[in-house]
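In what follows, structures are represented as structure tokens.
Look at the two complexes coming up: subunit A is in both, with subunit B in one and subunit C in the other.
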Partner chain A sequence: MNMNKSVRRAFLQLLVCFFLLAAFAFAQNGGELRFCLRSEPKTFDPALVDDDASVAIRYLTGGVLVRANRKTQDLEPELAESWSVSKDSKQITFKLRHGILFSDGSPFSAEDVAFTMQRLMDPALHSSTGDAFRSGSGTVSTKIIAPDQIAITFPAPLAGLEHLFDQVAIMSAHSPKKEGAVLGPFMVAEYKAGSSVLLKRNPNYWKKDAAGRRLPYLDSVRLDIQPNRDVEMLRFKRGELDLINSVDSDYFDRLAASSPQLVHDAGASLDYEFLWFNQVASAPIPEYKRAWFRSVNFRRAISQAVNRDDLSRIVFNGHAQPAVGPVSPANKFWFNSKLKAEAYRPDAALKRLQDDGFHLQNGTLFDKAGNAVEFSIVTNAGSKPRERMAVMIQEDLGKLGIKVNVVTLDFPSLIERISQKFNYEAAMLGFRNVELDPNSQMTIWLSSGDNHAWNPQQKSPETAWEAEIDRLMRAQASTADPKKRKESFDRVQEIAAEQAPLIYLINQNALSAVSNAVAGANPVILNPQTFWNAERLTVNSQARASR
Partner chain B sequence: MLISKTAPRKTLFWKIARHLAAIVAIVLLGGLLSATLVRLAPGFDSDERELDPGLSAESVRALRQSRAGEHNILRYYSGYLRAAWHGDLGTSHALGQPVQSLLRERWPVTLRVAGVGLLLAWLLALLLAFTACLWRVPVYEMMGITLSGAFLCIPAAVLALLSVILNAPGYLAIALIVFPKIYRYSRSLLAKAYELPHITAARARGLGEMRVLARHVLPVAGPQMIALAGVTVSIALGASIPIEALCGLPGIGQLAWQAALSRDLPLLVNLTVLVTLVTLLANSGADVMNYVLQPRDV
Partner chain C sequence: MNLARKLACVVVVFVCAVSLAANWLAPVGYAKQFREAPGAPPSHEHWLGTDEVGRDRFARVLYGTRISLLLAPAAALVSTLLAALVGGLAGYLGGIWLRLARGFTDLFLSLPWLFLLITVRAVLPLNVSPLTSVLITFLILGLLGWAAAARVLSTSADALRNSDFVLQARASGLHGPRLFLIHVLPNLKPVLYAQFWISIPVFILSEANLGILGLGVAEPLPSWGSLLRELEGLMSFREEPWRLVPLVLLIVVMTSFQMLLSKEEVTA
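== the complex of A and B ==
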């Protein structure tokens, strides 16, 4: 009897040990996630990040006070338990979590937040993350109220202030490892220049799952540096990679045909493709062409003559939506739902042109001075979809008697032409919209802005509608009331649709590919689409090997 | 006829000195030419970050200002040479890292890929060329010519893509790019050497093929093959650019590709200097070796 009891007890103890060991093994063995960065990360310093590769690494390694949930688009507390913004939108106060350690074991406190903000706002650093906080002249001050409480004060009101902290990875004020000490789920363990970056799980990461297991599940993340998309897809098919964050529509369909379970179309993304005409007064283009480009009827006619449905169907195989304006319908709060994408109406386009004195003669469109309507569209070489879109626009406008020449340039040459020499007639590019808040587009909309593509750096607004946009953008940036901000930016979107300084073409869908070896993936439209919840992903290496 | 085994030391010294002087002059000129070409290239002065709407006007101005020192190319180049003299090769615009550390990290990869590729190319080419000359079987010779001709026609980028698709190592692609040039040239050299009357006479006297090759053919064809060795170094280095860029090999070739696309002046000037230096050293080395091994009257 006693014997049986002791055997049973020993058996039970063994069983408990086995389950504990299994649980431990599961918790500690989430596998290695592998995917590609499309360029070399320029920096591991979160304050200096401004390229896609570095942004991805910052997302995986940096701990932030608040994080925009990539699925719900709501702001959620992270290192800050709570926060409050002053009525005048000049001050934000954070209440921080206790007992959090950096990856090197140094404790996290309000001092680190103050240090991070002071470093970001250093005018000599020229940090794009810091620049987002520059609301007006004057300095940003930090006040440590308690070790777990800090107030940050800005010289001028900053609308959507709390959302900007999604990009601010907190750095340690005291760690000798500097940016090597992180608060995010992973830390940089190895960097082979030109080849790969290996991230290991941060043993001190503070988050736990609902079952009390410490996150992240993954042991490591291997980021291979691979600019070539063909090679990236080939390696994914071979099972060497677990995910592709942004897949071209051609590749997407090819992969969907063979392995539909691996591809994900999350719908229209925030990114858009657009076309604009050069309206710069000093640009080296003929005066009569500048007059066309400055005419709203001409711009609207071109917009109406472009068949966006065809662009979506033919160039993107249906994985794109006709663009409405600067805000994609995917941006739930800021999209102006009253607006609709410009419909394809070549007859209406011709009518508009005729209203402006243009006339068709033997299949060629002439302006009222008798100049044949002909212009070139410059775009960047190497982007197959963009080149194909340019060719389709060439065909669409050809039906109106307009001759379009498509010129592809490498990126540095294109940037020089559109932002320094202004030696172009029309240009086509894509805008990667990583922020939901319109404040991130201030330099695009303000007439004095460097990115006011069609006519940048104006000393004073050259048109009444640009002056109105300036006023509305400044108004929305200086109030904390979301309703008032939305009203102002809705009007900006309406003016943009009426005046068509930028002709919005399509919003490409957020296409991604995820291996079936990855568990927990839930691709979304916001960046980083596939690994936004990296801390909760696991990789089954056996499933990967069997692909 | 008396043959000296070694070249006169004084003449050799002056030959090496002349080569070194020429190398220094050409490298300096090459660097200046590279800087000038990059400066004149469209888009030299632009930076992708200028399109970042998150950057303030002050930051964009600072970005543009940071390259102002490169506008006057003579001033830039003299400044570059002064800094290089003190061991500072500048900082890459595109990668934000010191050029010196980039070269230190990347050079071993290229050395390995191009070195192994060259070695394989020479082994394969010489094996085929020697056996073709020894056996003189028309079908075999035709096979060698067809094979080398085929690889001669395939662009380096296509070979690089094939190596990616087949998961083959990058050095194999370099070997296949260099191989046809070595094979065709050495095959022709050996064939001409075998046609020389004294080699025909040696064969007629019943000398073994290996002895004919070692004693009579190689001394005739050797100097030109050594010169070819120098040239193939520059071919391999040139081929490493598309191979490394497409195969994702983090060497000097990949770096050169990135630097050219981003108009990275400091990096491009240093890469030009480095590649010119290696090429000239290889060619001069071959020339000096030929001089040393050259039979001469005493």
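== the complex of A and C ==
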């Protein structure tokens, strides 16, 4: 009888354990994550990805050899178990994992890596992901050492080579589904143009959690195409969306007021807003203005006359930091911590201008030839924060007697003016930095670069400091030694601060919103801030319905 | 004059007078930034609060009203005159001229004028003062906004050309410009008035749309268009009701303008 009782008790205990485990498993599994893409994805081909929407889909569907952990910023193995870079930074060898299958069931091997690299480097494809690997003239060669081992050789040294593979989604060499066969946690199941993209769980995804359960936990991810941020916010508030990857500061504060548990401020992001003056020799601007813009004292004075704290406080409601330079303090390794953001010092700014022969007369600043200081700042229309910043800079500079005309233009006209016709005086834009490595800024810093905003495509450097930056950028790109690279790029940041060719304004904070129905979310500053660990997220539909 | 028209007249005159007195009523000006109080609610210092960068909203509404009430009718006048010239003359002349004018207005109406405006703005010089930019904006609107009115006027003029009294005038020996000026144009007046009044709110709203595209009035100068842009992102009317003042003012003034039209002008 007693035995019967104890057996029954044990059975009941087992039953309770079973239900608890089942409940836990149920909680971990399933669910649909819903959020918005702000534009139509231009492609599902990972090699051709160039826009934010396609980047998000590639992140969720693409399997990569190595992945930069968005939280720690360290590189972690994914499809590659390990890798080694040659001393001359021209070759990288990957050791691949075994037994991995694409979403369509075809096996993954070194052949697929070789195929992906050859496709990326095909000049006819014009792949921007491939462009990052173009270190010099010559071809990129791949050598399959074994089915699980491959060496990729580049014609010239590529510093930070392994980091570039974070963006390379491996494609199948043999699958008839082409880009439809993926190695990432999700696969594209349905695409309704202008409406939504539905991603389903990849049943063959290779990763497992600590308990040995196959990832991802989610059944599907629904990406609604919604360019209107007001609608996106309304839908989030109604509980129709689970997260917003990047929230404007206005919306952030309003949401924080009503539901503080839903918003996340991860601190300064890698993105920055900046202003620069046109220094192009052939630009159709008066010669005396070109002389102002080419004067380091003039540029530094403008920089000192801008109240960055006010920009941060008023335009971004405090969700921004005064920018120091081309590298945000959020970039833990590459930021030059000796540098500080330019302080607001209108008196010092006026002193600098007077050193250059400028003088104030009846509240107007004149140069030494008697020309009143007046210039226009062009920026893109439709960006409220940028327009507000321009208005505040207009007032700040007005205090020095400088008349600023703010001109907002549609984006294509703006780009044409600043990069083709050079028909502008000063411009203000933002830089969306997705890479940590300074190699991604090569075209900004090399005087021959297309994105050397203030004076692009120079045949040879026009100033000594630009020549020095060219030398330093090439030096850091041609060595694999992180310490030497850091030293070189630290000096580039110092020169940028001394010469102020670009006047850095603010680093916007990474603001996001995540529904309390989502478990496992840990918003970070690196893109994609909220769903970087999508494979480990779960959604509780009951919690969503109760919002 | 009925009571409604009297009331409308009072409203328009009052709004015009107040906006003209902006310098006295809002001496802080439309551009001064009170940076310690951005986005502030109404207070003793700022009757309608401040905008996102701390500018006094009451001052901006007054100055913006002045600009919009002065320049939108000016643009409407330009477009109505152009419409009268093209549509009225074509309708009066009839035949091939009428067909040509209608073809031309149809072609003009089918043009994506917003893109045309973007192109026009993109080629204009950058270094223009805010006042010049506002003049350019409304002038462009006036020069490009005549086609719809011209179509209406051509139809009316065509009907007048075949009317009995015009035929009688012709039979009495009246021809050419004299016939047009004495008999046709006065009878087109209600249509012209109606087109003029209709154009004003259209131009004000067009300027607001252009502001979003970067073609509107340059900062820091306010206009109803730029003030209406503040409503972007307003989630609820209850949130900050004072931000709705420019919208309410626009509705009240436009309604008053419509009420000022006589019955004949409305039916025209």
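Simple rule for what comes next: the second predicted complex is superposed on the first by the 520 of 547 C-alpha atoms of A that agree within 3 Å, B and C clash if a C-alpha of one lies under 4 Å from a C-alpha of the other, contacts with A are read in each partner's own complex, and residues count from 1 in each chain.
By definition in this document, a residue touches a chain if its C-beta (ideal position, glycine included) is under 8 Å from a C-beta of that chain, and two chains touch if they have at least 3 such contacts.
Being a predicted model, the structure only gives us computed values, none of them experimental.
By the touch criterion stated above, A:S541 is placed in contact with neither subunit B nor subunit C. Legend: residue contacts after superposition of the two complexes on their common chain; A:D250 is shown touching subunit C, with no touch to subunit B.
Of the two partner chains placed by superposition, only subunit B is touched by A:D450; subunit C is not.
Contact with subunit C, but none with subunit B, is seen for A:M392 once the two complexes are overlaid on the shared chain. After overlaying the two complexes on the shared chain, residue contacts for A:D410 are found with subunit B and with subunit C alike. Legend: residue contacts after superposition of the two complexes on their common chain; A:T139 is shown touching neither subunit B nor subunit C. In the superposition on chain A, contact is made by A:E425 with subunit C only, not with subunit B.
Shared-chain residue A:D310: touches subunit C; no touch with subunit B. By the document's definition of touching, both partners, subunit B and subunit C, reach A:L234. Looking at subunit A, you'll find residues 230, 234, 409-410, 413, 416-417 touch subunit B in one structure and subunit C in the other. Residues 31, 33, 35, 38, 52-54, 118, 121-122, 126-130, 212-215, 218-220, 232-233, 235, 239 of subunit C are the ones touching subunit A in the complex. Of all residues in subunit A, those touching subunit B in their complex are 40, 42-43, 50, 123, 126-129, 131-132, 134, 192-195, 224-228, 230-231, 234, 238, 409-417, 419-420, 435, 440-444, 448-451. Chain contact summary for the complex, subunit B toward subunit A: residues 41-60, 62-63, 94-97, 102, 105-106, 109, 161, 164-165, 167, 245-251, 254-255, 258, 261-263.
Per the touch definition, subunit A reaches subunit C in the complex via residues 229-230, 233-234, 248, 250-251, 254, 310, 314-315, 374-376, 378, 380-382, 384, 387-388, 390-392, 394-395, 405-410, 413, 416-417, 423-425.
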